[in-house]
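What follows is a set of notes on a single structure, which appears directly below.
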Amino acid sequence: MNTVDRYFEDYEIGETRTSVGRTITETDIVLHAGQTGDFFPHHMDAEWTATQPFGQRIAHGTLIMSVAVGMTAGDINPQAMSYGYDRVRFIRPVFIGDTITVTAEITEKTDHTKRPDTLGYVHEKVSVVNQTGDTVLVLTHLYLSNKRALSATS
Amino acid sequence: MNTVDRYFEDYEIGETRTSVGRTITETDIVLHAGQTGDFFPHHMDAEWTATQPFGQRIAHGTLIMSVAVGMTAGDINPQAMSYGYDRVRFIRPVFIGDTITVTAEITEKTDHTKRPDTLGYVHEKVSVVNQTGDTVLVLTHLYLSNKRALSATS
Amino acid sequence: MNTVDRYFEDYEIGETRTSVGRTITETDIVLHAGQTGDFFPHHMDAEWTATQPFGQRIAHGTLIMSVAVGMTAGDINPQAMSYGYDRVRFIRPVFIGDTITVTAEITEKTDHTKRPDTLGYVHEKVSVVNQTGDTVLVLTHLYLSNKRALSATS
Amino acid sequence: MNTVDRYFEDYEIGETRTSVGRTITETDIVLHAGQTGDFFPHHMDAEWTATQPFGQRIAHGTLIMSVAVGMTAGDINPQAMSYGYDRVRFIRPVFIGDTITVTAEITEKTDHTKRPDTLGYVHEKVSVVNQTGDTVLVLTHLYLSNKRALSATS
Amino acid sequence: MNTVDRYFEDYEIGETRTSVGRTITETDIVLHAGQTGDFFPHHMDAEWTATQPFGQRIAHGTLIMSVAVGMTAGDINPQAMSYGYDRVRFIRPVFIGDTITVTAEITEKTDHTKRPDTLGYVHEKVSVVNQTGDTVLVLTHLYLSNKRALSATS
Amino acid sequence: MNTVDRYFEDYEIGETRTSVGRTITETDIVLHAGQTGDFFPHHMDAEWTATQPFGQRIAHGTLIMSVAVGMTAGDINPQAMSYGYDRVRFIRPVFIGDTITVTAEITEKTDHTKRPDTLGYVHEKVSVVNQTGDTVLVLTHLYLSNKRALSATS
């Protein structure tokens, strides 16, 4: 883990990074139920889910989202902080044994409304695909980022 | 945990439910780092964070979001499924020992674009406050919900 | 999770509630060994258990008991507290992948010996069955419960 | 961990063993909530419990019971198996930071009703005390044990 | 767990103890990744490892080492403490579902350089084999041990 | 996490990297006890350790070693694999709340005995210091590494 200063100006639209893969295990689901308190049978009951359209237990949406966001944590950047997420969409279910890979692409940069000289938002689109190449989750991660120009003088 | 059928028509704008409290512990943060692989010093290094503006370790955003969403999991509703989240915003940091409470309010109902006769989206605004009453996180949880009328005849 | 005041008088003999199902996983066993320190090969050694009459690893008794009791935790009742358990009996082993369902029935109400006017015990029989309908565990959960009549005047 | 054959006849009324100590931590409570799904505020909400008579979070009864039973797991005895528990009683609450020690004493031996020649029950009273010497939990652990005499000839 | 005083003089070259078995599970690997932050695809990505020479996920070296050393923790000896390890060698990979057994043999005793009258090192060779009898890990565990003679007079 | 091919020839004696910090928590110790089965009172009993020279609970040696090695996991290098550790030495205890930082330095390169043309060992000295700058653990991590020259032609 390295610490690298990157300012708003340093992010380029279209720049992309891709993670290695990670297999989502039964353990991950049990641990996530334990962390969140969500023991819905959709995630925890192999017998009942076998009678449902999907046919098996499904990972929690917040599990896949949390793991995917974690897989995009690369360098530490003191000039940006996580501000929120937009349009988180669960496209397909993730099953036990599926392997996900995450791609993150800078798609937009916008100014901070009240402090446009010193702050802006970097929009990073996070796409999660499974081992067959199907997209299972997309979201836009917003970073509140310092601008280089005026930060330097303040 | 009870199973209760609620259709799109059954949700009323303004209906609200509030959770009991849950204290966010050091354990939660360590477990969430372990689940996501995000060991950023913001969450894991008490010495370094003591030198930073916030002065102490901060819970992961995805931890608070996952726990808060889990705290809203009440009855099982076979007529609705989690579709995604909009405008997830981290308003204030959550520290070790903070106790969060979650309020969920139905704020909007919209038709499904392609299948407006049978499906709609229920928008539930989730607000997370800490023990001093300050809001730390807000998000809108979207449920894709069956409509009663036409479901009944299909 | 709701908070509902129920007094001793409010419980009726024969009232029954049944949980959804939960699959007992290898993860549950590993976590329970880790929590209790019980790493007996009956729970942890797939090779050795394959040579034994049961033929495979068996869940800890305290795991099934803890999960089953947890599955009966419904509303929060400020007028009652867990007092203990009677006649906990392990009827059949639970294996990895078995799915358990829990039924709880009020079977008896008895007065508190020293304070019969204000306190009583509610006896709830907890029965755990697996996916084939076989009972694997029974126990009687005792709640020490406030009585309504005199509580109101005290 | 050693494997030692001990038959019904080998257990003597009054024989006693005492564990080392173990401190019950906030981590244990969070993990037990996660394993059982019991997130009652009595265990998880430091703010609310501060307003209650006990003044702080309380360990789950099944946590203390599971840990205590685990602390009595010594030698592996192929001639006995855990049959159940009688009269489990929660005497005092266990708080975060309390250190428990467990004493187990053989208090009774009874014949198996249907197969008295070959099987019997060994009753072991398990007592859990905290760091101030107060008893917090008692229970009787029943082992179904082979008898030496007839086992040898069968 | 018993407390037994054993001094340097009490250890004999060649004395050996062997553990029961323990199956290494997917859960163990996921938990170890979570504890250490090592999410390398060698341990976590079933798809990618299927394309590699070993063909499947491999347990972390530090997982097997930690578990194996833990499996040798028997009696508590107030007269010795863990000083370090020499020549830790990973001979073969451990896969999910492998069952390991640990043998520990006292192989050498050496004096402490500066305090040879009162202290010495007990060298214990730890060998880990899998279910097919193949050695997967060896290491030498060094204990710094009090000598009986002069300890008694000091 | 990036994948970068580095051959034996690419490592330079003296090259050094330093991690960010990580605070060792009570949670880490409880989880490590749970993973390894080592519940020695040195790690788990706050009351007893308060009467001992160190005065408080001590992290397991294998915990600090596992975390430290994990903290050195940077880029994925397909040309090298972990071969073992030499001279692991626990210099000082690590207590709950201590924050460790890890430095790794390439200190030596040696040929493989039987295949010196294609393989060699890269020796990396790992040093772990706490928040006061005291060294708590040192070890030498050995990597078995492909050599570039002949690999290219094979």
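A, B, C, D, E and F are the chain letters, set down in written order, and residue numbers restart from 1 in every chain.
FYI, contacts are C-beta pairs under 8 Å (C-beta built on N, C-alpha and C of every residue); 3 or more make two chains touch, one makes a residue touch a chain.
What you see is a predicted model, and the numbers here were worked out from it, not measured in a lab.
*Asks:* Stepping chain to touching chain, what's the minimum from subunit C to subunit E?
*Replies:* Step count on the best path from subunit C to subunit E: 1.
*Asks:* Tell me, please, which of E-F, A-C or B-E gives a repeat of the C-E interface, judged by over half of the contact pairs matching in residue number.
*Replies:* A-C
*Asks:* To the nearest 5 degrees, please report the angle of the rotation taking subunit A's Cα atoms onto subunit C.
*Replies:* 120
*Asks:* If you average the CA atoms of subunit A and of subunit B, how far apart do the two points sit, in angstrom?
*Replies:* Distance between chain centres: 16 Å.
*Asks:* Approximately how many whole Å separate the CA-defined centres of subunit D and subunit F?
*Replies:* Spacing between the chain centres: roughly 38 Å.
*Asks:* Which positions in subunit B touch two or more other chains at once?
*Replies:* Residues 1, 20, 26-28, 31, 34-35, 37, 39, 41, 76 of subunit B each touch two or more of the other chains.
*Asks:* What topology does the chain contact graph adopt: line, ring, star, complete, or other?
*Replies:* Per interface graph, the chains form a complete graph.
*Asks:* Mind pulling up the subunit E residues that touch subunit D in the complex?
*Replies:* Answer in residue numbers: 1, 3, 19-20, 74, 76.
*Asks:* Under the touch definition given earlier, write down the residues of subunit D that touch subunit F in their complex.
*Replies:* 20-23, 25-28, 31, 97, 99, 131
*Asks:* Enumerate the contact residues on subunit B facing subunit E in the complex.
*Replies:* Checking each residue of subunit B against subunit E gives 31, 33-35, 37, 39.
*Asks:* Mind pulling up the subunit C residues that touch subunit E in the complex?
*Replies:* 26-27, 30-31, 34, 39, 41, 44-48, 57
*Asks:* Report the residues of subunit C in contact with subunit D in the complex, numbered from low to high.
*Replies:* 1, 28, 31-32, 35-41, 60-63, 65-67, 69-71, 73, 76, 82-90, 139
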